[in-house]
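One structure, as structure tokens, below. Some questions next.
Labels run A, B, C and D following the written order; every chain starts at residue 1.
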Amino acid sequence: MEEKLLLTGFEPFGGDKINPSGEVAKSLDGAEIGGYQVVSRVLPVEWGTARDLMERFIDEVDPLIILSLGLSAGRAEISVEKVAINYTGKGKDNRGNVSERNYIIENGPAAYFATIPAEEVVEELNKKGIPARLSLTAGAYLCNYVFYSACHHVNSRGKRALVGFIHVPALPEMVAGKGQSVPSMHVDLIRNAVISALETGIRSLTNCG
Amino acid sequence: MEEKLLLTGFEPFGGDKINPSGEVAKSLDGAEIGGYQVVSRVLPVEWGTARDLMERFIDEVDPLIILSLGLSAGRAEISVEKVAINYTGKGKDNRGNVSERNYIIENGPAAYFATIPAEEVVEELNKKGIPARLSLTAGAYLCNYVFYSACHHVNSRGKRALVGFIHVPALPEMVAGKGQSVPSMHVDLIRNAVISALETGIRSLTNCG
Amino acid sequence: MEEKLLLTGFEPFGGDKINPSGEVAKSLDGAEIGGYQVVSRVLPVEWGTARDLMERFIDEVDPLIILSLGLSAGRAEISVEKVAINYTGKGKDNRGNVSERNYIIENGPAAYFATIPAEEVVEELNKKGIPARLSLTAGAYLCNYVFYSACHHVNSRGKRALVGFIHVPALPEMVAGKGQSVPSMHVDLIRNAVISALETGIRSLTNCG
Amino acid sequence: MEEKLLLTGFEPFGGDKINPSGEVAKSLDGAEIGGYQVVSRVLPVEWGTARDLMERFIDEVDPLIILSLGLSAGRAEISVEKVAINYTGKGKDNRGNVSERNYIIENGPAAYFATIPAEEVVEELNKKGIPARLSLTAGAYLCNYVFYSACHHVNSRGKRALVGFIHVPALPEMVAGKGQSVPSMHVDLIRNAVISALETGIRSLTNCG
């Protein structure tokens, strides 16, 4: 049986009709990358549910790599996240709820570092001409929430998967005519970046083997 | 004989190996847009020479529209310029020269407005999902210089051409790995924007006729 | 009789309770700078009225220098404007009106350059440790409107006054707690900048004499 | 004997002749705030030495609160840091050295949260009209390094001190004439922010007692 890579994105939120993280994830569902099969899932932008589903997807798919994508409108380049923190801000989710507590896991560690080779992913993307940088904060909204949740689930259950998170810019059509100067990135470039990140992750699996 | 549209871009400058303004201009040389033929020319980033060549190209091609393109690294969207001013800053050109005087044409008017319908070009681009905005300054470097020079040549010689200028963002491969968060735009999107701008310009010609 | 300097600022707009341009102008009313007396006036943020009042103040005060101030929230430094253009955008004023036409003076010149020595003002401010830069656009809202109106009134009536415009940053207390990362500047620094700009303007008067 | 508050700042770095973090720290040395005595120390921008000195200062002063300050040129407001991570980037220090490893403490936890009430400090500053925000990353340079080092020293040695870190903007005179649009903040505002942060920290001590 073929080994799996779990790729997650989010549904649209905050008035947007599209979310490139979910679109790119869906577009790669079933693809074979480096001999592994991509299994894509779209997460709701909802405190609680997003974590529950992330945990369930990890259990069901039993992937070698968990790569989650999220939208960060305003960033100009692919942001490969280095660290997930046990903290939630006061942002409302798609149901209008705020996180009940300001931590994700009671008594969980303050943070987890990404276990995909984040620096190498960045280096490889820039080599390929796709603007990328290492980011030291995934924020305090749903993105950091599912990233931390995935790290904690893998760690506390002794699972084997490498975990990573990538923030992607808005699409050009999302920012056109909004009257603000917001950077954007072509969907093909984002998609290529995600494939490259998975390939770099796979190489690091092999190197360890 | 087919009527012409003059499309200019610039050669690379400031250490870049590529300039999307020149590349996109060249890629459209000979194309037919709205029944008119595009004639593309690449200008040097040189005080004096750039103006002399712009004037010569206008005389030779006798176009109905003059659309000039320039790179504005750092801008996130297509910037359609509203106004050209009779002013030069202290920027060095590709030969290391600075402009000898701080005006472009002695006793020339302080400014010319673009005669292509800049606001409509912006509106049309945003409708098509290409991020665009009206810009009220083309700077004080070679871009404003050739824009003002074209406006003045057309105006002082009683030529018929509409004149416009568009600043385009950097390409992704130009900013990748530079360690700064600079917005970029896919070359296809820039090319489509230029075609759309020419089409909008042509429509305004027809409306006037 | 002592010669006068006309210093104008604006009333608050867009939900702000304070406007540093008006506050700083008022704080200098009656001050003596370089042997001249400052006469300060606060303009309403209203299409039409602002221009009418500007013209009346110029006629009444008959100043040697007209320096107008406006707020540009988002800019980090003192912006000394180089050029005023005969153009208005679609911004609503404090009464909710938009400009009826997209030009300020029918058949007026496209632009006027500032006649205060804008580059020297910038240089002097930076020497004094006050962050400043030359700006090539005063926008298309009330600031550019009164700047162009003052230039045109002086020019078309053959008045002697030098004309200038300075955009100032927001005050710290205006941006605190707004949840956005907006630069600000201490009111004392803004006030010192305005005094310095007037002094530089006065020196240029003397040099010409 | 009076209880102590340890306040640290940094020496200038990267070509600057001044560092507001060190200047403000020194200006408060010996001050009494909320019944406690401020002891100020200036740290070198040097991998290794900075941590050794931080640990020594904590041992010598035995403070109730450790508040460290650092410069973050480019930020527009006071940034109260939420988290310190066990990670160092590739930045060169004042001796030209890079960190030998990419972690600060071998096998140390991935991160520590600030134990001063960071959210309350932010809220209180904004109430006072001093622009402030919670920051989720202190970077990967010397600032995060001493912040993490202080957290780890306190935690691993069972010390009582609350630990916090504040990034401050550049001073106006540092950015004037640099030709880039960098936000700045008046030194008095920074100083008041630091006093306010210490007062908020002290209140949280009392609340716990």
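A few points about this structure:
The rule is short, and it goes like this: a residue touches a chain if its C-beta (ideal position, glycine included) is under 8 Å from a C-beta of that chain, and two chains touch if they have at least 3 such contacts.
By chain, with names taken from UniProt: A, B, C, D = Pyroglutamyl-peptidase I.
All of these numbers come straight from a predicted model, not from anything done at the bench.
Path length between chain A and chain C in the touching-chain graph (shortest route): 2.
Interface repeat of A-D: among C-D, B-C or A-B, over half of the contact pairs recur, by residue number, only in B-C. In terms of their C-alpha centroids, the spacing between chain B and chain C amounts to 31 Å.
The distance from the centre of chain A to the centre of chain B, each centre being the mean of the chain's C-alpha atoms, comes to 39 Å. Taken as a graph of touching chains, this assembly forms a single closed ring in which every chain touches exactly two others.
Within the complex formed with chain A, the chain B residues making contact are 75-77, 125-133, 172-173, 175-177, 179, 181-186, 188-189.
Across the interface of their complex, chain C is touched by residues 82-83, 85, 87, 109-113, 136-137, 139-140 of chain B.
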